[in-house]
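Before any comments, here is the structure.
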């Protein structure tokens, strides 16, 4: 259970990683990562492809177990806890490749996200009142990402951009305390990206946001702090401005310099 | 999407018509047809429904259903039959009250199903298929080897000890038919209802993306286990009805052939929609019965062999032409109509889900 | 398209000719009317994640084939609908994203099964030549693919493509996950290969690598070629970077 | 995936055709009053698949002989028959059931034949567990009449014994009567081990052997039952006492497995000594004549109430062989399957003649309680049925002998056990358990034929008793 | 996806400890706990036919040999099944039917070569008369398997359920046709009965017992040959897969089909070859199995089941897995027969088969992909 509440509410760590590593056979995908994210923070995790960002996400949310180190969320050590436990604590995420339910409708998908956290997962009967309430919430979440017009469509028949919208609606619908988005803008059109940015900026300040994003435009506009990863390790941490000014970041991320200078 | 609405309406009309025919069946069909084809089709359909329930909504193709049916039948047979002169010779002959036996047999089957399901809950795809096949083989060998509860000789007389509310089904086969029909409708409605409940929707989510479901807060293994338990319950109903219909039980009712037959029925019907269970059962039985009666008893001309060869070829043709079975064919027909009406609407490929690599 | 003005002239002898290529995964359209031509040269296709770059690669090489419409002609032969191994035999070498080495095979075995006789352009890559090119690999001949470091894996993936004696090398994100020093080495290698007469189609997210290797730069956005530009134009124009790649330009 | 129109239409058309055909069968056609509908139930799959032709041959030959029928094809019995009448009514063979020795399929086929094809009389089935299943079915369908074709389980006529079920031949225990006494006396066996497959026919066979062998004073020191689908007999063979620990072995391993089991025995203990081995009919039938029998020349074995090759040399037997051989080419009428189906069909004809073509209870009352079949000697050549409609038959223990042809073997009769009844003189009974893994127990006991088994030489029953 | 969920190792400590305890107990039971029966039968839970390994080491040793030699046969058949699954993800449900057909073909050839001598005395059969039938059967079934693959399986790759169903249909047809047409050679004067049991004869020189000079055990040479053949097949497959270019291509194909094609290898040819070899191994196994036991109706289902069990235990598509699966199955089977407790003079051997399947359920409960299997 939670310890005595810390004096300063906003300094309450949402996420605390210590020495987290993850190995796949011979490959060390994540290596000795320490990370602290506090309540309400907007954190971007950047880095070139293959830097270990997604693996780190998977370790945080519990899809993968950590090979080394400890994972703490909301002040509780969850290193050995399964993904579902962490989800119920209020940790929601999206996936790079949407991982949606192709055979379900949009509404059902969002509905599942709510039921997963609210309880009643195993209920084999329909309780009309409850059902109405959850459906209502699901529709509302769909409205927030402007996908209301597709509620009854099978997710499998939607476009790529719509998949992203559904994924975010699912993450939001559960009313999480922390939201982890894995490349939400990937594959989106310019207009869609604009909508996404606005959505993220308008997010409730109570929700902690952790974001992997290649679109620096979005990442640096939304984030208050940035963690730069490379080769499984954290290279730099800082504010967006510090990151912008950092030469290492540019060398790494833009590959600036090969053969030109 | 008017095509979809037309399709739904058409299906409703067909469904109601089928139900009307089913209710009037005793007046429409000969006694043999009623008893052997229709009753059996309903029973096999319930069995196949338990398979299709798991496959269509849970993504689990289970070959354990035949075994679970057999377990229910054997449990019932051992519990209710009595030792009387000129009567049964095999089994425990416990002579329990048939109602108690009925409930106990179903509960036992569900319990075993839950254990089976718990063990299998972490297996997927072809491994799940193989593991559940071994459940059936274990059940087969168990009743065959433990002569106390049966052995390879038939345990008989199950149909003479039915609960009072079931009544005499030995001489009154119409009664058995209606009981089976009611059960089938119940199972159909149960499944249709279940898949709309939180549990059912979750199950479908797990079918599509188990990893995603885990990170949404679901205990994937538990859900799959319980789904397997529900599958076992439906299979138990089929098993009990089958025991009453056959009157006897022997291990081969859950042998490899019977297991494959159940899969064949489900595949002919179509593994993606629950209605396919009964469609597959009736189609299979009709084909089987007709061919058996029509092939000359001296064997096939030219190539030799019996009707099994013909059945093999027909099954081959169905799998090749329509891997989603008859229901799949039906759906594709409507898809074709829709495509003609609206803009090109891509259908999901029948094969490997395309691995969309991101760049 | 004002950007196109900066594009270099397509070379006369077209080696690879992509015309009106569209591709679908199920209902999702991944490529939309992609058209470009390349000769015996190096070009880079740049763009952010999810813009269809890998799909384009897959369509050219014919693996996990999306439903494709349109035409891809390689030296006059139509590749759409052709099985992957025949495409490879025509002289299209492939270095996939994530290397995709065979975990069961050793370094040497990778090269052994891929090796083929000299191709039409007379280039004749043998295992020995690959080992000369990458002495690191020679040292690790007997190791399994999974036991190599990232850079070594990439060398092997390139070596594996080279021994098929390709006329064009299609490379999907070869710099992914590699340290800058290693990337620099790779670029050296690519330039060397280019001098040997090998055409290179580079698909990159890393602008530095892309601009270092190829002068012609095609920008992909939303499944289509949005613009063609040059390396120098792209490298020196932060505004272009931002527009095409969503990359925040340098502060200074 | 592009779906061609034909691809959609073909299965639908198939289904439509199927439905039309199906429903046409569903509408009942009235039965004709001037015919008797009967069916043959046999196997066409599984270990006894060969029975399909043999059993049909036996049936049709008898109907040709006694009811004026004619085989459609002299070489292919299953082609059916034409003509034939009994009790003033035309005989209509409505179908031939195709089982696979499993009770489930037997029952299904029985229903198809008796309900769908509306047969009133069924000749069959062919194997033990099938008969148990069908006996249970018969009990619930008293209007139908079943005459067992060739089945060796005890329960159908002992424990279940419905009034509409008849068996004109012995069960598995009867088929092995006398064998224990012969090996006890001729080969001096005092202890023996027993190995068999784990189902009702081997159990029943073992029951007959145990009753005889223990009855005269022998001791069964080990019973090993092998489960199906094990694949390897070696570990089971090692459960048997070694050849120097026991006088002999009784083999009751089912048809195809006999060779596997004996090969495993040879691999464990060296070449087979025919004097140490005995067993039921599986030592010669079901392909064993080409696999194991040649290695066991001289061994004694049980059989049907007949013999595979070479017959009794008396007028009644010669008469049977002559009559039965006329109808088909290439059929061995000494074969137990042929012989038993022949007798069943013959009994049916007699019954129908007496009932004037009536079926149901009338026929059941009219079916003969005695028959004068080819290989019955005792009781003036008349085989009688007991009160449970089960035959009391003569039994002829056999010996495997070398035949004239190269590499082939044959059997010859070595003994004559008169009037073997199903209870073995009260040893088995309706209120006692059916034979099982460890039933009956091995006890010394006087059997009706003990010490009265006659020596048979060259097909002639002598007056000597076996010593 | 299965792998990712499994990564959690959800099976709790208690069942793991329980299973481990069971296995340890079984081993201890065989080694020391079991008791030989009293002279007059009877006994308790410790009583087995011969007592523990300490009481009767030679029985223990022969039981080990029984298990291992049978494993040799299992491996020959199952390795073919495994090869086809490993490369092409085809669960070839017709493998048993191929076995049946291959066995009958080998029998017919041997009969023709030896001149119709039924119930062949093994000493009359020379090596050639065993090897030629075996090779002919392999070629026939290999080609037949190839035809099935080319006609029915080539165009629907990746649809594993559909392919399994197609092979089920093939097995139904083949099994029925085999009954209709085999055995063709029958003794003079007897009828041809479809599907009757026949045996193939081992060559004469194998028909003897050899002294192993360990614990006074003499053991059948033909069974040792069976083990040697199994080992030889294993070795040959190993060398083929690891030391030849074709083998490397096959392994590459197992790892990554698309990439193999993308380096210019026609993977279809490789698939065809693998199907040919895999089917031919069914016929090889049938020749050995037909010599050891018999070829008859119903053997098809039996051997399909064995192949499935072995490959499931060992892990689909792994050669080492098939070997370990065969050995485990063979040993558990042999030991279950020999060491299940017995209380009277009737043994409890009937339960041995149930135990082998329990073994499989146990393995799968803890390792759903089999001992050597990779995630699906």
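The chains carry the letters A, B, C, D and E, assigned in the order they are written, with residues numbered from 1 in each.
Note that in this section a contact is a pair of C-beta atoms (placed from the backbone, for glycine too) under 8 Å apart; a residue touches a chain by one contact, two chains touch by 3 or more.
This structure is a prediction, so every number in the text was calculated from the model and none was measured.
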Contact-richer chain pair [C-E vs B-D]: B-D
Most remote chain, CA-based centroid, reference being chain B: C
Rounded Å distance, chain A centre to chain B centre (Cα mean): 42
Whole-Å gap between the CA centroids of chain A and chain D: 74
For chain A paired with chain C, centre-to-centre distance based on mean C-alpha positions, whole Å: 31
Interface hub residues of chain D, defined as touching at least two other chains: 44-45, 198, 227-229, 437
Residues of chain B touching at least two other chains: 141, 145, 147, 209, 211, 214, 220, 299, 306, 308, 345, 348-350, 356, 358
Where chain E touches two or more other chains, by residue: 4, 10, 179, 305, 350-351, 353-354
Chain A partner contacts - residues on chain C that touch it in the complex: 26-29, 48-51, 98, 146-147, 150, 173, 175-180, 183-184, 187, 191, 205-213, 222, 235, 241-242, 246-248, 250-252
Complex interface listing, chain E residues touching chain C: 245, 248-249, 251-252, 254-256, 258-268
Residues on chain B engaged by chain E in the complex (per definition of touch): 61, 119-120, 122-127, 129-131, 133-135, 137-138, 141-142, 145-147, 209-211, 214, 220-221, 256-257, 260, 263-264, 267, 271, 299, 303-306, 308-309, 311-313, 315-316, 319-320, 323, 350-352
Residues of chain D defined as touching chain B within the complex: 1, 3, 7-8, 10-12, 14-15, 18-19, 21-22, 25-28, 44-45, 56, 73, 76, 78-80, 95-96, 98, 102-105, 107, 111-112, 115-118, 128-129, 132-133, 136-137, 139-140, 153, 155, 159-162, 198-200, 227-229, 430-431, 433-434, 436-437
Complex contact set, residues of chain A against chain C: 25-27, 48-51, 156-160, 183, 185-189, 193, 214-218, 220, 231, 241, 244-245, 250-260
